[in-house]
Structures are given as structure tokens and as C-alpha cells.
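One chain, chain A, appears in both complexes that follow, with chain B as partner in the first and chain C in the second.
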Partner chain A sequence: MKTETIISLENVTKRFPVGEGEFTALDHINLTFTKGEFSGLVGPSGSGKTTLLNIIGSLDVPTEGKATVIGHDIASLSHKASAKLRNHHIGFIFQVFNLLPVYTVFENVEFPLLLQNKTASERKKAVMEALDWIGLADYAKKKPNKLSGGEGQRVAIARAMVKRPEILIADEPTANLDAANAHSILKMMKKLNRELGTTFIFSTHDEKVMTYLERIIHLRDGKVELDERIKNKNQAS
Partner chain B sequence: MIRFLWKGILRDRSRSFLPIIIISIGVALTVLLSAYMQGAMTDMVDQNARFETGHMKVMTKAFAANQSQLPNDLALLEVSDLLQQLEKDFPMVDWVKRIRFGGLIDVPDQEGNTRGQGPAIGMAFDLLNPQSEEVKRLQIEKSIVSGHLPKTVKEALVGHDFAEKLNLKIGEEITYFGTTMNGSMTFQNFKISGTIRFGAAALDRGAMVVDIQAAQKMLDMQDGAGELLGFLKTGVYHHEQAAKISQAFNDKYKNDPDEFAPEMYPLKAQNNLADLLDYADMMAGILVFIFVLAMSVVLWNTGLLGGLRRYKEFGIRLALGESKPHIYWMLILEAVIIGFIGSIFGTIIGLAGAYYMQIYGIDISDYTKNSTMLMPSVIRAKITPIIFFIGFIPGVLAMVLGTMLSGIGIYKRETARLFNELI
Partner chain C sequence: MKLALQLAYRNLVGAGLRTWLNVGVLTFAFLMIIFLNGILDGWNHQAKTDTIAWEYGNGHLLNEKYDPYDPFSIQDGHGILSEENKENLSPILLQQGSIYPEGRMVSILLKGIEVNQKTLKIPTTNFKENASAIPAIIGVNMATSTNLKIGDQVLLRWRDKNGMFDAKNIIIVDVFKTNVPTVDHGQVWIPITHLWEMTGLENHATYFVANEKFKPKAIKQWNYVSQKELLHDLDEIISMKKSSSSILYLLLLAIALLAVFDTQVLSIFRRQKEIGTYVALGMTRSQVVGLFTIEGTMYSLFATVIGCIIGVPLFWYLSKTGMAFPTSSQDMGIAMADRIYPVYGISLILGTVALVVISATIVSFLPARKIAKLNPVEALKGKIQ
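On to the complex of A and B.
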């Protein structure tokens, strides 16, 4: 049983200035995530899912409270330190097509390694391996605009996983996909979760996604409404 | 990483196309104008040197003080000895005598009565001496409109416009009236051997060109000359050298209280040419500055528009682990690359234009008609080594400046906001 805590949120609160006043998007969130978890945030639109994922991903800081990710206090990181944390330890997958348009599939997947100053041969090896995971090794030279939505999302997975991050954040990754593609991607992520031990955190409205999750955290109005651990039919597959 | 940027610039034409065009235009204009100013300055200095100042000039101290009045009563005497000495001391310089004089030209009719009259600006050069370089140096043959060079001391060239006004024919006689060096009246008849137009307003007003011996005789200046001009044998003015020679010469007469003692002046110390050259440098500086400023503003705005389009890209790059400062620096590096490409294109275009202008030039004689300064009537561009590089200053600087300004937006925007453009 692995119980090592990788993310801990203590009273995390986020307020956004709105006109004269403030809007509370997250309201005293207390959560911990352990290594290798396959969990998801669900809740109505505007409940704060993206805001919370951004804080965990060190793209934003809490207004109040403390977010600790892989031992780093998110609020205290410099530009450079938070970039380094993202670059080495956190992968992102978004709802929409989010590849760099002028670069090929290979170059997109290579980019995080370029930032890590890996050598050309190291990069090539890692990129081709990542493209093998997602079954798109033949697409290396293609441009993103030549890919279907499902293929684009698979390349995004390869790009997020190529650096073998501890944490993968997926913000509504299946929202723009048909059922077949959604299942294929979820299976792929589940497999990587098992093989590489990566911690996955989703945000989703999608019932299909929920059937893969081990843990579902329900958010409403910036508060945790329910935090349930479940046994799902797709977990074993 | 540079290769990554390079690919982006090459593939995303909309990112690089407009800035490259803007930079090319600005750089081409800078290059062309700089070449043109170079040409104008070089021509002007060159023409001044040939006709007025030499690369250095020897006069008496008193003559120098009253130069504009052509004070031949203060001229140098015993110049043969002085010339010998100069040739011995400074063999790298070609020394020549010159006399300039004022007076009146009178054109008689058959009965000997005055048919017409005009003021004369007289110039006497060493024309008849076969060893003299003066005819070639002053390009007199090229400036002759009709007729030929004087073949004897009795012949003179007259200004072409002056000749037309008085309806003078080649072979006709004219009479010069003036004062000798000692202040007495003198007159001398000359046969017109030809008409001349130098192409510089200051020279062409009532010009009269005679041999130096003729002038010495009629002005009673035996072995005298208003000025001795020195030309470096390389043919190119070199200020340090001219200044050194002048210094060496003047040191010999340092303690001579005589107002008729000779004194040497390098070109730059004459006719306010130093000021003029400094002024030209300053103008070139201002020009480049204005181009940097104007282009920066334009590129700032294109940068802002391009930046908006790229927020999505910046968001992705942030998420993948690039920091804001790094993205900012990469943008600037990209700007340097684009600035360089634009500058290369602009320099090529500008050089092509400058090359054309070097051959054809622009006729400015209409503007300089009334100028008392010695200015060439056709100004040509001149391509000097610096012209190849000058455009890169405004080109790269403006692009970098424009990008720095527009890139501030990335800093101002919250990370999460940039990032939300994705969703």
C-alpha cells in the first residue's frame, strides 16, 4: 500500500477581484493526494475545478492557505522555480487541442526535454518511446493541423508523459472527443498510471471518465462537497 | 533552443513577415540616406580640396586673416624658394601655386567702346607647365563647354553663362581691369580660348581662368602667389597626416612675428569644414535615431497584435515548464534574429539603391544656384564600408525595442490568465 503524500492542500482559498469586490472561487479546500492516485474533480461549471488544478500545477497561487506539491510551497516559488517544477515534475493535458501549431508532432513532444537541456540523442530516444506508448510513432513528422482530435489528444499525452512526471493534470481531456476516442485515451492514461506510477488528477463532467477513477472529489461553489473512494469496473482493465 | 525559434520564424510567416518588411524598408532607407550623405560629404570635401583648400594650404598670416577679400597685397613672395623647401621637407605632397583675383571684364566692340561689362572672379592655375597636375586635378578639360585650354599666357577661359550673357565668341578679345599687388590700376587683354562651367555656383559666377604666369605678370606678383596648395600624393585626404605636416611646418615659424610669415592649414581647419563634417556626423546620428524610434513604435504595435495571437502559444509553453522571463528572453532573441534578417534584406535593397545613386546622382544645381559655398551640382551616393553595417543598428535595435515594449504584456498578465486562453 503506497501512502506517500505528494500533494497537500491546507485551507486553500482563491479569491478573484471582480469589479469593486471579490469572488471566492475556492473556499478553504483541505485535500491530500498520495503517489500513484488516479483521481478526479467533478462539479458544475464554475465550481472551481480549473482554479484548483492551476494551483496544484503551479500556474497560480492561493490567496490564502498553503499548497504543497512534491515538497514545494507553491506560493513561495519564484518564476524560475515554479517553471522548473512544471518542467520536471508536472504534465498537463487540456480540453482543447493544445499543441504548438507550427511545430511537428516530434517537436511538440520534444519541447519539454529541450527546456531540460537534454542532448539530441536523449531527446530522440525519449520522444520516440513516448510516441510508441500512444501508438503514433509514424506521425512524428506531421503537423498538428493534420491530426484528428483524438490523435491530437494522444500527442498531448505523449508530450506530458515524455519527461516522466510525478503528477499529470488533465483538465477535461475528453470533452471534445467521441466515446471511442475518449475510452482509448483513458485506457492509455490508466496504463501509464500503472506502469510509471504517475499521479493523475482529472477535472471532468464526463461520466465515461468517472468510470475509470479510483477517487472522485465533488466540488460545489469552491468547497469540497464529497470526497469518495470507489471501486470501478474500468479500474482493472 | 535557437533552432526551435528559427523553425518557428521560418514556418510561421505571419509572425515574421510584417516585421521583416517594416525593418527592410527602414533599413533600406537608412542605408540609402547614409550612402547619400557620405557621397555628398565626400564630394563636397573633395571639391573644396581641389578648388579652394587643398589637403593643406600655405598663406601668409595676414592673407589668412583676410582671405575672403582676396588680399593679394598680402600674398606670399619668393615662392620658388618656399616651394623647393616644401618639396624637400614633405615629398609625399604635391605643391602648387594658386592666385585668385577680383576685377572687371570689359568686352569692347569694333570701335573699342564698351559692349558689355561684368565682374570677374579670376582664378590662376599652373596650366602651361607640362609637369603640372592641375589641369587633371581640376578636371578643367571636362568642364570646358566650348573651345580649348589656354595655350599661351595671352589666352583665357571665361565662364560659359557669362559668355552667353555678353554674347562672346571664341577668339574674341576681352580686357581685364583690376589692381596690382601694390594697389595700382592694371589692365590686360586676353583672347577667349574657350568657355567653362565648373558646375558649382560659387565658381561659375563670372569665372575667368588664366595661367599662373599671366596672373603674376598682370598683378605685378613676380614670384608671388596668394596660396600654395598641397595635395597628398595618395589623392585621398587624411586628416592626421595633413595635421602633422601642418604642425611640422608651422613649428619652424612659431617665433616669427612677421605678419607675412607663411602658415599652413590642413583642410579641416579651413572654410568651417570641421564644423560641417561634425554636423554631417551628427545628422547621420540623428537620422539613425529617428529611424530607430519610428520603427520601434510600428514594431511595438505589430508586436502587440502578434502577441495577442500568440497568448495561446505562451500559455502552452508556460504549462510545459518555461518561465515567464525565459519566454520574454526567447521573444527578444527571436526579435534579434528577425531584426537581422530584415536588416540583411534592407541593406541589400538599400545598397542596390545606393549603387544606382552612385552612378546617376541627383542634380541639385537648382537649389545651390545662390550658394556661396563650394558645392557639387550633382550629388551622388557613395558606398563606404560603414554603409554595409549602418542599417543593422536601427534594424536590430528597433525590433528588439519594439518587442521589449510589446512583451511587457506577458509579464503583466497573470500566469493563470495566459493559460486560461487555452480553455
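On to the complex of A and C.
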């Protein structure tokens, strides 16, 4: 099952205009990700980690090359089609959680299901199940500003996982967390990866995260420097 | 749409004070528009009703030589109407004259009217015959300006059929209160039989006032002017007043809409990450534009609900008790009651709701269009300036 290619990047290049010139954020990237991978993009700031995640997440398109995600060519998708792809198949976890401030925990987690036009009972069942995964079922009525950093990120994980996406993109998910919370979050993600078969792709330069990854892709100046599959002590957590 | 409404409602309620400040300003504008229009409509309604009751009846049948806008036509603008055509008509004969209250000369319009007429509200039943003087009734404004009161006698001078001056005392038998200045200022009402006798113009009338049963028909030497045509000038004045007042309430609405517009612009700037998150979670850009537009529209819907909660009892109370206006406002030259009962019609309320909702939607949509061009990656970073 793990050999099924879910993401394919062929010569993906991304350039941004800077003043009168251009900045190359990604330079002919060739990578594939298989279903159920727990992998991470590692590299210094400006190496192109987030840009690559944004292209995989269909939030951005490559300047050159082809990015295929779950059979969809990202560059050829309309706004509506890419929104549908994100809504049904891709979950996002951000460094600063990006919880919607006026919604409760329940409503935040419920949001992607509202966009999928699920019924109220389906939504409630799925949300409570997702909150159970992260151990915050009792926090359903709380507002995000009443949560600690670790709790906020767990709610963000529940929001990303509630729709059971094939791919989960986590951009520096532990950057704002202390060590204990970071480990707790990573163990939870690893568990969801194993139980639900979701493909996790991280961008990180956090050593703690790297100890959980099965595959580490080192990026530097927009190029793949090293793509290694490793056996870590925390992989079985 | 249902989702956008649901989300917009959550966002607005969640935004707390920011929402309620906007709603407050819109509610104020909404209530003021209805309040001002209600007063004008009430004034309009009362002015028309009173003018019909006191002056116009169901229309006037004018002698062809008489021009209401030309005082020189009074002298010759009268005639006799055949008996078969007099049905449902009350004659009025006009003559110019002067009275001498407190030794000063005051030019007046002498109006002869039938004692037993019921078409106009002029209290002609109060004409009591007096051996020494002609019974006359005048309006409150005339009484004030001439310092005359009931029981006072004053010398009246007029020209008889030969053009010679004649004079006799009139006695004020009643002072009536009316909101219609054109039957009051500078006018003295006397029984038409006396005026016929004084001028030798027996059975003559300058014009006839038609009652509700009158059926207009072509009569030689007489021109029928319908009630609608007579009210034309009044309609024009009210319409002009409405236009000038509309500037005030459009200004109020503009201020309220500016608040909504500013909030939307600020909201889009401050909520960039939220917009990026919506897109990342699977909303299309047009859905996000729709969400922000509906949020703006919802301010006006909240304002409508709160406006109804405050406005319904307030306007109901005002329409029942009326609003007193200062005495000086009675000298405006058109019918204006000392107490105006505002009229809040369904078309006024629905029209105002539509105006507020549609304009709020437009000013919300204008800044929200920018979202369609936002780069979600930049929005997520909060980097858009």
C-alpha cells in the first residue's frame, strides 16, 4: 500500500519577482511521495520548504515543471477545483495554528465539514471523534484564546484530520511549542498516520520532529540536497 | 448561501463591539430616515386632508373670467350658474374690501358663502343675524393680525355694483381655527346673501365648491378644476420639501455606510490570515468574497431587526400622539397643523429597509472584491499591505 504514489513533482521550479530580477525558490525539484509516508522537508530559512508545501497543497503553482497531487495537475486546476482538492483531500497545520478566533473549538474543527455540506449529525459525530483523537473533547465549547499553545495546535490537527484527508501538510508545526507539547503532538500525528494511513509532509528544522520522520528531504537554495530514508527511535511511538 | 449566512452570523456575533457599533450607526440612520419621512408623509396627509376639507372640496367650478392667480380678475370674474347645474355645488362670491380695526386700514378678501353649506368645514352655521351689523367669521390668524375677537364690530368698506364705495359694520360672530392659511389670512367670511345684497350681484358666484357627489360636466362659461389639479401646488411644495429633506437622510445613510465600508476595508486587512485559512481549508475565493459581502449586508439586517424593536413602539406612539410644532411654523404659507401625526406606511418602511440593505451590500462588496485577487500564500503570512 505504501508504494502507491500520491504526489509527484517533476522539475518543479518556482521563481518570484524581486525588484527587477527574480528569486528562484525551487530549482528543478524531482520528488515523489507515496501513500502513508511520514516525511519532512528540512533546510535553512529560504531553502524552499514552505514554497514546496504550498505547491503540494495547491495554494500555489509552479513556474515550471509539473506537480501532480492525487492525480491532479496543480497548475491546470481552476480556483474552484483546487479549493475542492484542498477541502476533500488535503489538511493543513500551520506554525501559528491559524484557528478562527470567533469560533469555538467545535466550530473550528467543524468548519471543513461545513464546506463539504455534511449534515449536522454527521458533522457532530466526526468532530467529536476528532476531538477524542486529540484528547480535547471537553474543550468543545472553548474559544481559541482560552487554549494553551499545545492545545491550540492539537485543535488545528483535529481540524486538519476531521475530514480524513489523504495528505496532511504541516508547516513548522512545533515551532511555537515547548518540548513536551512538541513530543505529544508528534506522537499524536504518528498515531494518526499509522491508523488512518494519511500521508504527512512536514517542513521543519526542529530536531525533535526529525526523530519521528521516516524520510528526510534536505533542501538548500531550492534544490534537493539529500533525500534519505531513515530508521529513528521515535518512529514506532 | 446558507453556509455564508451561517458563517457571517458567527463572525459578526463573535466580533462583538465592532459589529454592534456598526449596527448602531446603521440603526440610527434607518430610524431617522423613517422618522423624517413619516413626519413629511404625515404633514402631507394632514395638509391635503385639511385643504380639501376647508378649501377645495371635491374641486372648484370657476367662472371663466376668474383667475385665482390674478386678483384683478375678482372684479369681473363672477357669474350666474343655471339652477339645473347647481346640484352638489356651493357658491362662493369674492369681493375686495377693507376693514378698519383700531383705526388702521386692512385690505381684505371678502368671501360670501352659504349659511347652510356642508361641503367646507368653514363654520357657517355660526352666522347669527344681527340687526346692526353684518355677521362675519374670521380665522385665528386674521383675528390675531387685526386684533379682533368675537363680538367686535369693525367698519367694512367695499365697492357696490356701480363701483361706488359703500361701508357698513361687520360683527365678528366666530373665530375659527384652521390649519389652512388660504382660508384665514386676510379673509372675512360673510353670508353670501348679504354679499349679493351689498354688491347687487344676486345669485352670482366667483366659483362653486363641489361636494363628493358632484359629477363634472362641460358647462358654458365655467371651468371645472378637479381636486387633484387644485392640490398640484401643495404636492409640489411637499415634494420639494421631501427632496431637500432627503439630502439630510442620505447624508446620514452615507455616514453609516462609510462606517461599514471602513470596517470592511480594515477587516480585510486585519483578517488576512483568516482569509488565507479559509482558502486553505477549501473555500473558493468567490465564497470568501461572498462571506465578507454577506457580513456587511448582515449589519443592515441586524440594524433592521433592532430598528424594528426600537422603531415599532416609538413610531406607533408618535403616530397616535402626534408631534407638536412651534407656533411660528404655522406661518409657512401652506397648511401645517400645530400637531403633526406622522404616517409610517408599509411602503416607506419596506423602501427604507431595501435602501439600507442594498446600499450596505454594495459598500460591503466593493472592498471585498479585493479578496478575489489575494494570493492565499501571502494572505496566510499576513504580508499583504
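Everything below uses one rule, namely that the second predicted complex is superposed on the first by the 236 of 237 C-alpha atoms of A that agree within 3 Å, B and C clash if a C-alpha of one lies under 4 Å from a C-alpha of the other, contacts with A are read in each partner's own complex, and residues count from 1 in each chain.
Basically, a residue touches a chain if its C-beta (ideal position, glycine included) is under 8 Å from a C-beta of that chain, and two chains touch if they have at least 3 such contacts.
Quick caveat, the model's predicted, so the values are computed rather than measured.
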| item | value |
| --- | --- |
| Superposed partners chain B and chain C on chain A - clash or fit | clash |
| Partner chain(s) touched by A:Thr198 [first = chain B, second = chain C, both, neither] | neither |
| Which superposed partner A:Gln153 touches (first chain B, second chain C, both, neither) | neither |
| Which superposed partner A:Leu114 touches (first chain B, second chain C, both, neither) | both |
| Which of chain B and chain C A:Phe94 touches, first, second, both or neither | both |
| Which of chain B and chain C A:Lys84 touches, first, second, both or neither | both |
| More chain A residues in contact - chain B or chain C | B |
| Interface residues of chain A shared between complexes with chain B and chain C | 54, 57, 59-60, 79-80, 83-84, 86-88, 92, 94, 96, 98, 100-103, 107, 111-112, 114-116, 159 |
| Residues on chain A engaged by chain B in the complex (per definition of touch) | 50-51, 54, 57, 59-60, 79-80, 82-88, 90, 92, 94-96, 98-103, 107, 111-112, 114-116, 159, 171 |
| Chain C contact footprint on chain A (complex, rising order) | 54, 57, 59-60, 79-80, 83-84, 86-88, 92, 94, 96, 98, 100-103, 107, 111-112, 114-117, 159 |
| Parts of chain B lying in touch with chain A, wherever the complex brings them together | 1, 4, 7-8, 11-12, 312-313, 316-326, 414-416, 419-420, 422-423 |
| List of chain C residues in touch with chain A within their complex | 3, 6-7, 10-11, 13-15, 273-274, 276-277, 279-287, 375-377, 380 |
